[in-house]
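You will see chain A twice below: alongside chain B first, and alongside chain C after that.
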Partner chain A sequence: MRRIIFLNFILLLLSSSAFAQTELPEDLKEYFKKSILAKVKRLEHYITLIADKSKDEGLRKSSINQAVELFEDENKKVQISSMKNGVQTVVDRPVRTYFDRLYAITADRVDITFYEVIQLTDVRLGPDKRYYATAYIFQDTKIYYNSHSDIPDYSDRTEKAIDITIKPDTTIVGDKTVVLYPAKLGNINVKETKSPK
Partner chain B sequence: MTARLTIFLVFFSTMAVGQVQDDWDIQAENFLNRIKNIEFFIDRFNSQGTDTLQRNYQIISLFDLTKLKAKNSVSYRETAAAFIRSVNRRDHQVLLNFTDTSWYAELSVKTKSSGLLTCLLQVTPQPSGHAWSVVAITLDGRETERFGPNDIIFPPNANGTDFMSVLIAFRDGKVPAVNKMNVRAEMIQRITYHFLQVDGWIFTVDYVDRNSKNSGWLVNELVKTTGDGKINYRRKLHLD
Partner chain C sequence: MSFPRTFLVVLVLLISTNALAQEKRVALVIGNSKYSKEVGMLPNPVNDATDMASQLKNSGFEVQLITDATYAQMREAVKQFYDKLSAGPKDQVVGLFYYAGHGLQYQNENYLVPVDAAVQYEDDIARLCLPVQRVVLSNMQRANSRMNIIILDACRNNPFPATTRALGNGGLGEMADARGSFVAYATAPGSVASDGAGKNGLYTQELLKAMNMPGLLIEQVFKEVRRNVLHLSGEKQYTWDSSNILGDFYFIPGNQPAPVVIARADPPPSAIAKNEAKREMNVVVTKESLEKELTALTNQSIPFKDRQVAKERVLKYFVVPYAKVYTMIGPRIDERLTASKLLDRLVTLPESTITITAIENSDSGRIVELSLEIE
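Take a look at the complex of A and B:
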């Protein structure tokens, strides 16, 4: 059974490589969607883990490298927003700097969770034969300066948009040429930051 | 909620587009949520697979309802009703298309020298797929430079992160035309989409940031055009 599934998967990828075009076939769309969602969920996982001071420090540090590897390259930027007295400030940081700073937040406890389902736009073919989309994540941040407190000293809800790139990658499996479509993350933009009600 | 329903009853009574259902406010909950991306705006406008009445509700939810409900906006309400009638006839539904070349994104970019850089982009077909192409850059409304569809291009999803990649390219000195203007791009202050896709109509879509379900990318201006209206509008945008 596993072999049949794998064969179908290879056939799907081979057939899809013939589409240089405008409208993507449904099965390829579905495959892209799953690939993007898996990558974005990993990003959410790493953000939560890197920020979580209750976790092993070595694990948190090594997760920074793994998180950076989700991106196209380290030059991609992550916007960081914060709310102070109802005023939102936004700055851009290179991805590694973003994760380093997330790791080093000065607080006793940092809880980051994601409160809604990831949303995706359609996947479109770009001028460089790569595929592009945007994913939206919904982040809930709570920072406690005293880990025994139930009330966070800082909290916000942020919606972020993520550039997604899928670069077709040709590889040889046995005696066959297979096209793989790994999703990579790009710039991350803050769409909205709110203090929770 | 009752006030909202009343306004819509008044609004739709001028439209003769069919009866207003009593459960409008329940149905509206399906449509009224923040429109995060202009592509979601286009999807909702097209509302494929829905009937004419449902599509009326969908399209009306794409308007800035605060503006539409204002007491002094009777003529705007009438214009909106006429627009909806023209794009949502039972026998002919007008749809928007992301890859159409007759819509534009206008970025107002704040620069360090306090001048305002206006950058117009258009979705253009490329040998492979599509791209957002910079078609004109204007400094302080006077110095305009125009470009061909392949001169300065960005991926077709650049709109999703509010053209962050365009701002970074400007900042990093990767666009010679901007370098030549001797300005440093700081931030994108505003994005406006100009839709010239619908025959006889021009509308703009702006981001409305407020704590309401009727927020995100919404119709801000709507005008009926005749004759050279679209040619003049393109001139106003420094496109011709």
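Take a look at the complex of A and C:
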């Protein structure tokens, strides 16, 4: 028991040194929240738009570039999952590949909607002086191979976790150097996938 | 004033004077004009570098000047520059690197072209030209100086068009991760600068004037340069700078008289006068009308193709497509974009309302800088 308590103590020490516990100023906290939510909402918008074959092709293609720019870099991975006969398959794809494939799904109709509001963890300051958070999105996917049918040929409900990184940067505005906190999306991981009841 | 307060003021003055006196300023200045016929002679860089060296000496810099330098000479000069920076008191040295001549961007690196660079193939660029990030900037950063300043008047054109067609646009690219550094370019990333028809290139001509103004912070100096270059080039050349510095820097502190002006360019050439006339085609864009037009770009009931046409029209309201735009969340800047990037984004967004929070116009009414909220 004593050994377990000691181990817990060491773990606590390690975790507190990895992420500083300094309280962020309220205005900065509020700004981080708004900035992150705005970016995740844009991601949701682009996912829906890129998949929607009824929209203008030029708009869908432009949205791919816009969606990729939300990420820290193109090497970030998006996990996609699918359910077949109750078995879940998860695949990692680089961000641009993910959006390109979403654009090109060979189906008559693809509807992706978000059934719950975005959830967001607290923003933490890392030892590398960057800020980190995780956002959760809740996605409904319906794929129709026959556009006349009201019943989807495939559907699932997926919860995804998005890593968020904020790397402070400076810029010159007017005569002053100003610190910016650009929120960028990182890897997107599947937390859970279910077939709808 | 009571005695303790007087004493405190004197003490603070003494400390600040001492800090200035202890600051060591070291500069490396390179100007390359005498290129081969194939690469293309440049009339101004040697004049630019020589005048810059004199101006920097007036600002208290110990200057190393080389002109028409070969690759070996440039490498050796950078090595000596590093030695001088490293020999200074830790965190009390300001290093400044100035280059005028041919430059180009290749595979995310900015290269300065020595006069002996005989580039035939793309691969030759990395071998025969001097990389700014990998060699100049990294040496300056390793030297542990208080501040590093890099000034590149090098975005003239791609000097190797036959061998490097794949490079696409000319000019230099913005450097990422220039920690503790102030990097200034004659033009925005990826575009080209005017050589000028006078003794100096337009950018250096205006920089020399601005550096001579006492009491201007380095940020203010380069803003002054941007304003004047934009005006004199008929809104064609938009200078660029990026900063990661935290401390203040003055070429000439406010309480000193301005030194003798050492370089003045010839009167504006006829080309500039022509641009001035062209600029008379004024653009009238009010805050309210711009808000309406930007908001309309997000209107999903307007076909995407029509919004693309509207986007091109709105882009012409800006002095250049890469004019600075800031998106705001409350009082904070959320993102720094260019005008064309903003418009590309707006046409893909769901219906939004755009509110302009600040706008800076040029003499002709075109937009130089814009801040806005997207909701």
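We take it that the second predicted complex is superposed on the first by the 176 of 197 C-alpha atoms of A that agree within 3 Å, B and C clash if a C-alpha of one lies under 4 Å from a C-alpha of the other, contacts with A are read in each partner's own complex, and residues count from 1 in each chain.
Rule of thumb we're sticking to: contacts are C-beta pairs under 8 Å (C-beta built on N, C-alpha and C of every residue); 3 or more make two chains touch, one makes a residue touch a chain.
It should be emphasised that the depicted structure is a prediction, and the values quoted were computed from it without experimental measurement.
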Clash-or-fit label for the pair chain B, chain C on chain A: fit
Which superposed partner A:R124 touches (first chain B, second chain C, both, neither): first
Contacts of A:K77 with chain B and chain C, given as first, second, both or neither: first
Touched partner set for A:G58, first chain B, second chain C, both or neither: second
Touching partner for A:Y154 - first (chain B), second (chain C), both, neither: neither
Which superposed partner A:E192 touches (first chain B, second chain C, both, neither): first
Three-chain overlay, closest Cα atoms of chain B and chain C, distance in Å: 16
Touching both chain B and chain C, residues of chain A: none
Of all residues in chain C, those that touch chain A in their complex: 217, 219-220, 222-223, 241-246, 303-305, 308, 326, 329-330, 332-336, 344-345, 347-350
Partner chain C, residues of chain A touching it in the complex: 27, 30-31, 34-35, 38, 42, 45-46, 49, 56, 58-59, 62-63, 65-66, 169-178, 180-182
Chain A residues within the chain B interface of the complex: 20, 22, 77, 79, 92, 119, 121-122, 124-130, 132-134, 136, 159, 161-165, 186-189, 191-192, 194
Complex interface listing, chain B residues touching chain A: 36-37, 39-40, 98-99, 126-131, 153, 155-162, 164-165, 168, 209, 211
